[in-house]
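Each of the next two complexes has chain A plus one other chain: chain B in the first, chain C in the second.
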Partner chain A sequence: MSGQFLSEEQRDALQEVLNISMGQAADVLARLIQTQVQLSIPSVKQSSRQDFIGCLKEPVQQHLAQQSFLGELSGEMISLMTDNGNEAIAKLMHYDTPLPEQDRQELLLELTNILAGACLHGLISQLNFKIQLAAPVLFNPASLCSEQLNWQQALLMEVQFQIPETSFHARILICLKQDSLYPLMHHLDMLLQ
Partner chain B sequence: MIDEQLASQLIRQLPIGACLLTPDYTIALWNDFFAERLQMPVEQTLGRNLLELFPDQARFLKRKLDSVFILKNTSFSYWEQRPHIFQFKSTRPVTGQEELMYQNMEIVPIFNDEGQISHLFLAITDATTTASYSIALRQAHSQLEDEHKAQAELIRKLEEAQNQLLQAEKMASIGQLAAGVAHEINNPIGFVSSNLETLQHYCQSLVQALDFAGQLLAKHPSAELASNYQQYKTQHNLDFLLQDMPELITESLEGTGRVMSIVKSLREFSHVDSTEWKETSLIDGMESTLRIINNELKYKATIHKDYQEQMPLVYCQSMQINQVFMNLLLNAAQAMEQPGDIYIRISTAGDFARISIRDTGTGIAPQHLTKVFEPFFTTKPVGAGTGLGLSLSYSIIQKHQGKLSVTSPAGQGAEFVIQLPLLATPKE
Partner chain C sequence: MPIPITIADDSALSRKTIRRALPPQWDVSICEATNGKEAITAVENGLAEVLFLDLQMPEMDGYQVLTYLKQHHEKAVVIVISADIQTQAQALVSALGAFRFLKKPLDPLLLATTLKELGLL
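On to the complex of A and B.
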């Protein structure tokens, strides 16, 4: 499947929705950890399988977690974090440092749930979707190869979080397959009318 | 429609732990799953503060509940990271090995009509079966990995053993070659040496004869004859020649002496008669070994010898014992990072001959002391040592009904002590 998923207007609308929802996400996050949080401008792009895998298998030593959502809109979110600033964020989250391995994993899952949850929450509340979140799980992309994926193109929405004064940095990807796009386009069109 | 009674019965009997909290952590609902498994009936918990009831988990629970409250999103906890939030007894008391139930937890926000969070719903699901399978799988995996490592190690040892065999074969051929060469050299060096000795006598006589001739000429009336002789002497540098000739011969004799001693050592060392049991002087054996490996030792260590006088002979396989001396001395030299000292002491101790070889090298780590005599144990870099030298030495000394022991006080190098029975009988 080739060609563009979204029309230019739909893409602009989605971008706008994302901008607003990420702003809200940053706001609640800042309240939760009582610290200022910086966000990148969210990006929306269409991705091939190779690009998608390439983006997960970056050479940097990073940890990944995956969280599914289902309901009127279904897809997956993937969080990518390094160990940088791990201790700093752990302190903000009231964990005891240094982190034992189990706590490090728990923190990764917790952060995934919080960041991904916050992003998605903004998105779906503006577009009026009802969804359910599944538990986040640790994810190892090493065994992932493009032949195993049963899709050609997907829509990736990406936002990056940073906490000033620490080296903490996280990327959140919201991934939608083509069949999940129709409800999204439908809701975007309603928004555009 | 479901009436309230049915709903509450349904909740009570849910096959998951269900607990409803108000935003100030007060328990508003506590179903049977919680009540029965924790032995905490509803009347004991309703209206109580959850964090106060479970002080051990209070910090974790508060963090979770607060994040749900602020983010208005469901929060999760997974058995892998936090297996036992509540001390539920295992659901498999008969067939399972686990004491406590593995749990997954979800905390879901409940909204009122104004969109505010009115309650937090805490749900616990039993993950014991999954967890135990997953843990068993992981254990099996790590066991497989260990076995794989052990196999790899075994293969490495086999390779080393093969290398060692090849090396041994090579050494054996070199030994035979050395013995052959030594034999071949022995004859010519024998007559060269004896001829040189004869030449030394001839030379002395010749010098005396020339001296005598000089004296006679000096007394002769014809001054011309004396001056001719003097002129000839000066022209041909005869004085120097006469002075240097005996020295040359002496040096050559020393040289042949050294060649002969090396040949002797080589013959002694080659395995031609290595299994022969005989009355042996340990001191001679040590000296012969030292000569052989002189090149290995001379830049690394100063040798200090302390031999007991009138050391009795020991009935042993001398070549094998020399092999042990060589292994220990080479190890001592290899233990030196900087030039150091090797102290050799040969004495009697009771019914035993005692040979001690002590070095000032890096010593042996305490955890390695019990292993140094094991075959294939080596701390040398791959390829530098076979790990067989000491185990071979150990078995040789055992065959002699003796003892080989080692001590290594921290920071003081290592001392190997060989004890050989003085009254040994040959052992087949």
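On to the complex of A and C.
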């Protein structure tokens, strides 16, 4: 199950486009907190609804924010972060910690906007797509069941951000629905021409 | 005599993008490397008077390549072309002896200006 939708060339191109997008997102965060952010190697894989739900469940309690997008590409973007990690960021941003619930939620949404927003923006601007992005909302993965997802197969892209010497660790998942795959492949081919 | 240059990047798309961005009038012979080890081999074999170097690569990353070249007093002109554009990354590669730092996606005009500034064009 490793990105079977895509040819090897298309997968390489998508991974490079994600690398650049992730670099731009990390740069925005690094400037805000005056600290270097460490990047992962982006992963690209085919995902069923069960795989998708499975990858949202982690041993440590996570907080999730979700942002939908539609237009020439449609899908969901999910950010996963932990309390400890966000407290670490809050300190770097000179918030008083421990964070009250309200601030914790605001910070999660702000980080989602920064990281997930910049990743998606990088992806669509390099591939020349137009989309509309909804505002992020908090959500509880325990309440999610596969029937709520209106797709069978999707392309799941994941990037991760860490801040060395802190517990900050964010996972950003971009889930592209089936019907966006043909346009994605077409635009990747244009980039490769 | 064409100048030997090497493009070191693990992404085929990225190598292609750099190749295309090279000024057409620049007389070069191009070698490609897909990881840091291959980049060093290219330098040691005289195939990289100019080395375009990615930072995130398997085997040996760009920072390790710069460190090795510095320790071995290699004379390659290294231009880093990176997706990680944080100021900390830029400062580190400059301390390790890279001549310039260019951001991905690569701007061909900026590449041409950079090559002129370095007296390569």
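The working rule: the second predicted complex is superposed on the first by the 186 of 193 C-alpha atoms of A that agree within 3 Å, B and C clash if a C-alpha of one lies under 4 Å from a C-alpha of the other, contacts with A are read in each partner's own complex, and residues count from 1 in each chain.
Just so it is clear, contacts are C-beta pairs under 8 Å (C-beta built on N, C-alpha and C of every residue); 3 or more make two chains touch, one makes a residue touch a chain.
This structure is a prediction, so every number in the text was calculated from the model and none was measured.
By the touch criterion defined above, A:T166 reaches neither chain B nor chain C. When the two structures are aligned on the shared chain, A:Q178 is found in touch with neither chain B nor chain C. In the superposition on chain A, contact of A:I114 is made with chain B only, not with chain C. Contacts of A:L192 after superposition: chain C is touched, whereas chain B is not reached. Looking at the shared chain after the overlay, A:M22 reaches chain C, while chain B stays out of its contact range. In the superposition on chain A, A:D12 contacts chain C only, with no contact to chain B.
Of the two partner chains placed by the overlay, only chain B lies in contact with A:Q105; chain C stays clear of it. Comparing which residues of chain A touch chain B with which touch chain C, the overlap comprises 31. Those residues of chain A lying in contact with chain C across their complex are 9, 12-13, 15-17, 19-20, 22-24, 26-27, 30-31, 36-37, 39, 41, 126, 191-192. Per the touch definition, chain C reaches chain A in the complex via residues 11-14, 16, 56, 82-89, 103-105.
The touching residues of chain B, counted against chain A in their complex, run 59, 63, 66-67, 70-78, 80-82, 104, 106.
Remark: chain A residues 28-29, 31-32, 93-94, 102-103, 105-106, 109-110, 113-114, 117-118, 121, 133, 135-137 touch chain B in the complex.
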